[in-house]
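Structure below; questions to follow.
When the chains are written out, they are named A, B, C and D in that same order, and each has its own residue count from 1.
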Amino acid sequence: MVPLHLFQSALGLKDLERFYLEVRQTSEALGEPLSDADATVQSMPDASPAKWHLAHTTWFFEAMVLSRHLEGYKPFDEKFTFLFNSYYETMGARQPRPRRGMVTRPALDDIYAYRAYVDQAVARLLTSRPTRDAAELIELGCHHEQQHQELLLTDILHLFAQNPIRPSYRAPAPVSAETAALPALSFTDFEGGIVEIGHGGAGFAFDSEGPRHRVLTEPFRLADRLVTNAEWMEFIEDGGYTTPLLWLSEGWTKALAEGWSRPLYWETRDGQHWTMTLRGFQSLDPTTPVAHVSYFEADAFATWSGKRLPSEAEWEVAAQSLDVDGNFLDLNRLSPEPASPRKVGVQQMFGDVWEWTRSPFSPYPRFRAVAGAVGEYNGKFMSGQFVLRGGSCATPPGHVRASYRNFFPAHTRWQFAGLRLADDA
Amino acid sequence: MVPLHLFQSALGLKDLERFYLEVRQTSEALGEPLSDADATVQSMPDASPAKWHLAHTTWFFEAMVLSRHLEGYKPFDEKFTFLFNSYYETMGARQPRPRRGMVTRPALDDIYAYRAYVDQAVARLLTSRPTRDAAELIELGCHHEQQHQELLLTDILHLFAQNPIRPSYRAPAPVSAETAALPALSFTDFEGGIVEIGHGGAGFAFDSEGPRHRVLTEPFRLADRLVTNAEWMEFIEDGGYTTPLLWLSEGWTKALAEGWSRPLYWETRDGQHWTMTLRGFQSLDPTTPVAHVSYFEADAFATWSGKRLPSEAEWEVAAQSLDVDGNFLDLNRLSPEPASPRKVGVQQMFGDVWEWTRSPFSPYPRFRAVAGAVGEYNGKFMSGQFVLRGGSCATPPGHVRASYRNFFPAHTRWQFAGLRLADDA
Amino acid sequence: MVPLHLFQSALGLKDLERFYLEVRQTSEALGEPLSDADATVQSMPDASPAKWHLAHTTWFFEAMVLSRHLEGYKPFDEKFTFLFNSYYETMGARQPRPRRGMVTRPALDDIYAYRAYVDQAVARLLTSRPTRDAAELIELGCHHEQQHQELLLTDILHLFAQNPIRPSYRAPAPVSAETAALPALSFTDFEGGIVEIGHGGAGFAFDSEGPRHRVLTEPFRLADRLVTNAEWMEFIEDGGYTTPLLWLSEGWTKALAEGWSRPLYWETRDGQHWTMTLRGFQSLDPTTPVAHVSYFEADAFATWSGKRLPSEAEWEVAAQSLDVDGNFLDLNRLSPEPASPRKVGVQQMFGDVWEWTRSPFSPYPRFRAVAGAVGEYNGKFMSGQFVLRGGSCATPPGHVRASYRNFFPAHTRWQFAGLRLADDA
Amino acid sequence: MVPLHLFQSALGLKDLERFYLEVRQTSEALGEPLSDADATVQSMPDASPAKWHLAHTTWFFEAMVLSRHLEGYKPFDEKFTFLFNSYYETMGARQPRPRRGMVTRPALDDIYAYRAYVDQAVARLLTSRPTRDAAELIELGCHHEQQHQELLLTDILHLFAQNPIRPSYRAPAPVSAETAALPALSFTDFEGGIVEIGHGGAGFAFDSEGPRHRVLTEPFRLADRLVTNAEWMEFIEDGGYTTPLLWLSEGWTKALAEGWSRPLYWETRDGQHWTMTLRGFQSLDPTTPVAHVSYFEADAFATWSGKRLPSEAEWEVAAQSLDVDGNFLDLNRLSPEPASPRKVGVQQMFGDVWEWTRSPFSPYPRFRAVAGAVGEYNGKFMSGQFVLRGGSCATPPGHVRASYRNFFPAHTRWQFAGLRLADDA
């Protein structure tokens, strides 16, 4: 049996308590602009209601931690076990994913009461000498909830984009008087060879980020910045969406079937380009990194550019060479505008948009899933998905690191996903 | 061109005003138990959100009456025209039906404000000598809204039945100490011949209820009461859902594909029979008329019984012979329990459950659709549906009459629909 | 129990033998132009392979007649019972309809051997004093096979129309030098009243054609001829396929989903109109009755014309007044060209194209399905279909009569179906 | 522009001529047991008719070689260009893949005539000093046709398995008196490190097999033989198909949706296990390698075994250490029975069943697709598929090598695909 602490956990109890509180409050702050109805509707099977995110992350603490590690704990409501399990086969039956939006009751306020109840119990547990297993599970639960914070935002954006009146989740950003000139695209060379990737040091990491291991890479080059909306416009104007030879076969079939002709939330009205954002329907900024494109589109763009997407090892090698601190975004940034000031060299690596890599999501050498429910966390998704790196403007600050592996199916478009070009050196 | 008043309208302005107010208040009373989330979610493409019903019925007055007949009228919100048109091609583009549940905003309170705004405008119009056309359209709008009152209830029941916690829309009925003994099934003979059916007298009727015309019927017999849950149980136990020879071919295919084995909302837990109702999850009452069965099931039951379903002409002939007043239900009845006291002869004709007839929904001789948008009201649905007669426990009192033709596709189950047996004499 | 002879049968044994031989030889003549591959492929779930038609009609004699009425009869091949049952639940399991085209073996030649084997056995039975039941079933089997003769042709046309090389089933007709001028459209008046329809006389009829019964019709008018290709072209040019108000709601949804913009087999190449026929890809003849339109299209056309479709009773009343002999087509006519010479009055009633009526396919008063397998023949299809009358150029001569009720779902287009206009008098 | 000869080609003209003839004759020998109908029907969208395989491989020579490199060449039939293009966007419009089975004409004999016509033209070209490009394309066409030879067999097996009479493609194998005892499962250790994989030497290879490049592998172990039917039976009996924790999430969803409970062609009749093969319906041999399992099933089996699937690099390293000659199968072997005698060490590497690896089909470092139509050969399929190695009993002898990369989507079951276990050392 594989020990649980493959999920690398390192916080002391005080830090853990602080972390827990901060994460939980952040989630509720994210829910604040939402009405009960906003938080209830499911806009497509891949998305979940905000209410569900707020409840499921709470269920995680209840089912994985409190029921097992806090003596005498009574669940808030027995029915919530069924309602708010996501995909843990180990944890019994559950509301089918495409029907999460049928649950108009409990109401959003009931969910907040559920959260408060669980928060009190977790506080009790933290002050009563929890076992290392319990503490690690709480820390895992916090990281789990941070993942759902981003999903809550992507899912609300998708929902609001279905509404003909195009509501705003946040107030629109003040319009800046001038648009920054787009820096020319340049590439940084990396020499390749045997490198180490994967999480191996201190601090938390998900199981799929390890084990740390050696990888052999050929010499390569990586673009210093992300692909922008202006560049994507060129791709469109040059027939990018109508030239099958640029596309993977599977991608072309999908693009035809779904009628793709631009990124997911772009629209053209009276010759002007617009895009739906969490700050409402906005004019398209040409210097912003392109977002809401699928792997198939990203790959076609790279082919059109005469370049390619980086592998995840290439990306991680480049990220390891960075001091990432300056790149994190502040809490309120919700659209992928360029941050500043930039350092020379490879930039925009963290917190702008998730970057599609050419690497399918596969287990690292000697990876083994943890036993029990937590073992279902990542391992069972290792087919049919591609790895994304770097985090987006919707990712909680502090949640991303060089070894972090996000993953989605190649046709996925509703995430804040864009791309960076790479090439053989 | 066909004059509008094919929709037979006869109310004086005072009565019309009273009728309008009563209908509008009833709708809001129906919305009262619902949260914003309850009122927003769409549980299937055939159902609509309660919020949509409340808004669409208001849009009807705004688009069909106020915009044309009240000088200087300004729409409450231009976007509502798109959001709340149902199926009127004449009235321009609209939110696609299966996506009505995406509209989390406007909120339920916004819809109530919309209603108040329109109510004030209609009041103004009614006190300013409206044309006959305008008055008739207002009356039509009231009847239209009454139809949606029933749909609001059927749709909420369907939504709540999808929720694993099985919420109640209304407080559960007090459990009666004893169950009434089931009256034996008997039949009343009718001699047939040439009769008149269809609306021809005073008072409002929908266009499809006329013209009144002669029909030739053969001698027939009609059951004195509706088929009950207890009788349906016998049908199930005798293999009703597993014997293809009892079924129409189309129905059998549907039943297999959907896994039908009992009426829509029935469940069995620990050997007990239960059913989902607007008063919550309840034990099944054997003497209550069976409800939530499709035409296909009703027809199979009739075949199994060695009988058949009545034609709509047969039903109407029988209904014409009745003093229907005693049979109407009070406002709060929401489950098809037997009313009492009963008169001898054909009973339960009005307000228990809609009764499937064997008659496809076809135009009566010399029927012509009204010109313009109102002409889309019924005529364009005259294929692929069967007529139901009599009204249900969810139908507003006063809304049903002997000539009233309801219609649904043969596989429909979420309406309060049951059956009465008939036979050749 | 309902006696079998509801299927009205009246032939003496000599006549029956002659009829049997003629029908069986006709089927094989129809198969003659087909390769093994042509006869095997199923072009859509609604169509069947020609081989299947040739085998299934033979299975009907084997399973319904020989196995029960010819002592010592041994089936040709036990597996054929499974392969060639169509929809008779009473007769056990069967190859699912949409997978009939998977049966590449037995080969077409094996099916011909099967036919010969069964023909010999039927001949033996006919010369050995068969019971009345057996004789009636043989006659029913002949009429059944005649129905499949037409289906074989409609299904082959559909298959060949899917093939980009557009093969011909028969040699193209010689091109006539001039096109006959289109006779002006005129109407004949009928006075209505109580009439009798349904089969009641001598000779064979299917169960659904009876019982003969009285019907009340209002005065009406019937067009003297069918709607032509030229008139359909006007409908198209006047926006017939882009004006939702002309359409039944269900039809408009279907038309949009399937992209209908003209009859099923029409094509336009270089500004010329063409159509696929059993004689290959041909230039469209404007004077020919339009064919391969659905009920939805026929109804929209009638609405556009300010007229309506006739009811089946109206059609039958008109047909009863005719001497139909002159209208029958010779054996080799496979496209709906106008026959001549025509008599004055209502013409083209038999053997041009099936005429959609506005009547849903419902049971006649006092209709009861026959007990046993034969009872599944028509009764179980009495939902979701409309009645067509009159027969087409692909219907075997002698197979159609005034009381004959064909039926198909309203979206069906691959049959030789067109329309005749009617109106209230 | 990438030169064509990335497809490594090395044959002299004499050898090429011999190779061409042998390949073409082999295809026709494979078609020999098929009727016109057998060769025409398409059993599912993923499969193609045998006739199509025979024609498409011929079209490849016509369109890619003769039209460009043989002066004065006239295509056999212009329409074939549309009918028999597979997926080359560069080469124009084509018959949609799911509708390949509609083409009953041209007949199988016409296809043979097409083949003869093209063979003569290729012979002319080969004796007239073809350019190096032309010669390389001919060699590519031969390897292309060999790939389709295997597909023809897998597709025919799938078609025959849909037929309730379960036809045999070949005569059944003589039943051997005894079943060989199953050798115990043992593992061979490999030490890992930097190795070279990919095609780099003499002889033909497909573009995706290169460039040859260095790979870093960790120490690993590889099973000496394939997983057998007997072992698969244990997996089933131990709940392999009903334990979601053994499965990838995507795989479990698929398995539930499709009702998987055993390999594709297995059946149980009267407690005995059977399987459909090219030699007909046969009793299951427990010592034969399991075949017709998807990646998802193979991965679940490996998880159940406490092992894993090998990566393609691991497999290739092991294969490089082998003298493969003894492992090839003779031409008539069409079911995956164990060959003998076996050498010690890793066995059954070539020609038994394709072995699923855990490696998604991705480009090797510095891979670039060839320019033009031939560039669509492999590159555009590099998403959503897993690599299989080693060849099967249906692969033409001589067609497989250590660097050969076959690929299919993870749910694919109709190929001759099984698995070999691996583990970390």
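Operating definition for what follows: contacts are C-beta pairs under 8 Å (C-beta built on N, C-alpha and C of every residue); 3 or more make two chains touch, one makes a residue touch a chain.
Chains and their UniProt names: A, B, C, D = Ergothioneine biosynthesis protein EgtB.
Quantities reported herein were computed from a predicted structural model and do not represent experimental measurements.
> Hey, which chain ends up farthest from chain B, C-alpha centres compared?
In terms of C-alpha centroids, the chain at the greatest distance from chain B is D.
> State, to the nearest whole Å, the distance from the C-alpha centre of chain A to the C-alpha centre of chain D.
Computed from C-alpha means, the inter-chain centre distance equals 38 Å.
> Can you work out the whole-Å distance between the CA centroids of chain B and chain D?
Centres of chain B and chain D (C-alpha means) sit 59 Å apart.
> Report the inter-centroid distance (CA atoms only) between chain C and chain D in whole Å.
Chain C and chain D have C-alpha centres separated by 47 Å.
> Between the chains shown, work out who touches whom and classify the graph as line, ring, star, complete or other.
Drawn as a graph, the chains make one closed cycle, so a ring.
> Looking at the whole structure, which two-chain pairs count as touching?
A-B, A-D, B-C, C-D
> Under the stated contact criterion, what part of chain B meets chain A in this complex?
Touch residues, chain B against chain A: 35-41, 43, 79, 82-83, 95, 99, 101-108, 159, 162-165, 167.
> Which of the residues in chain B come into contact with chain C in the complex?
Spelled out, the residues of chain B in touch with chain C are 87, 89-90, 194, 213-216, 218, 244-245, 247-252, 295-296, 299, 358-360, 362-363, 365-366, 375-376, 380-384, 386, 410, 424.
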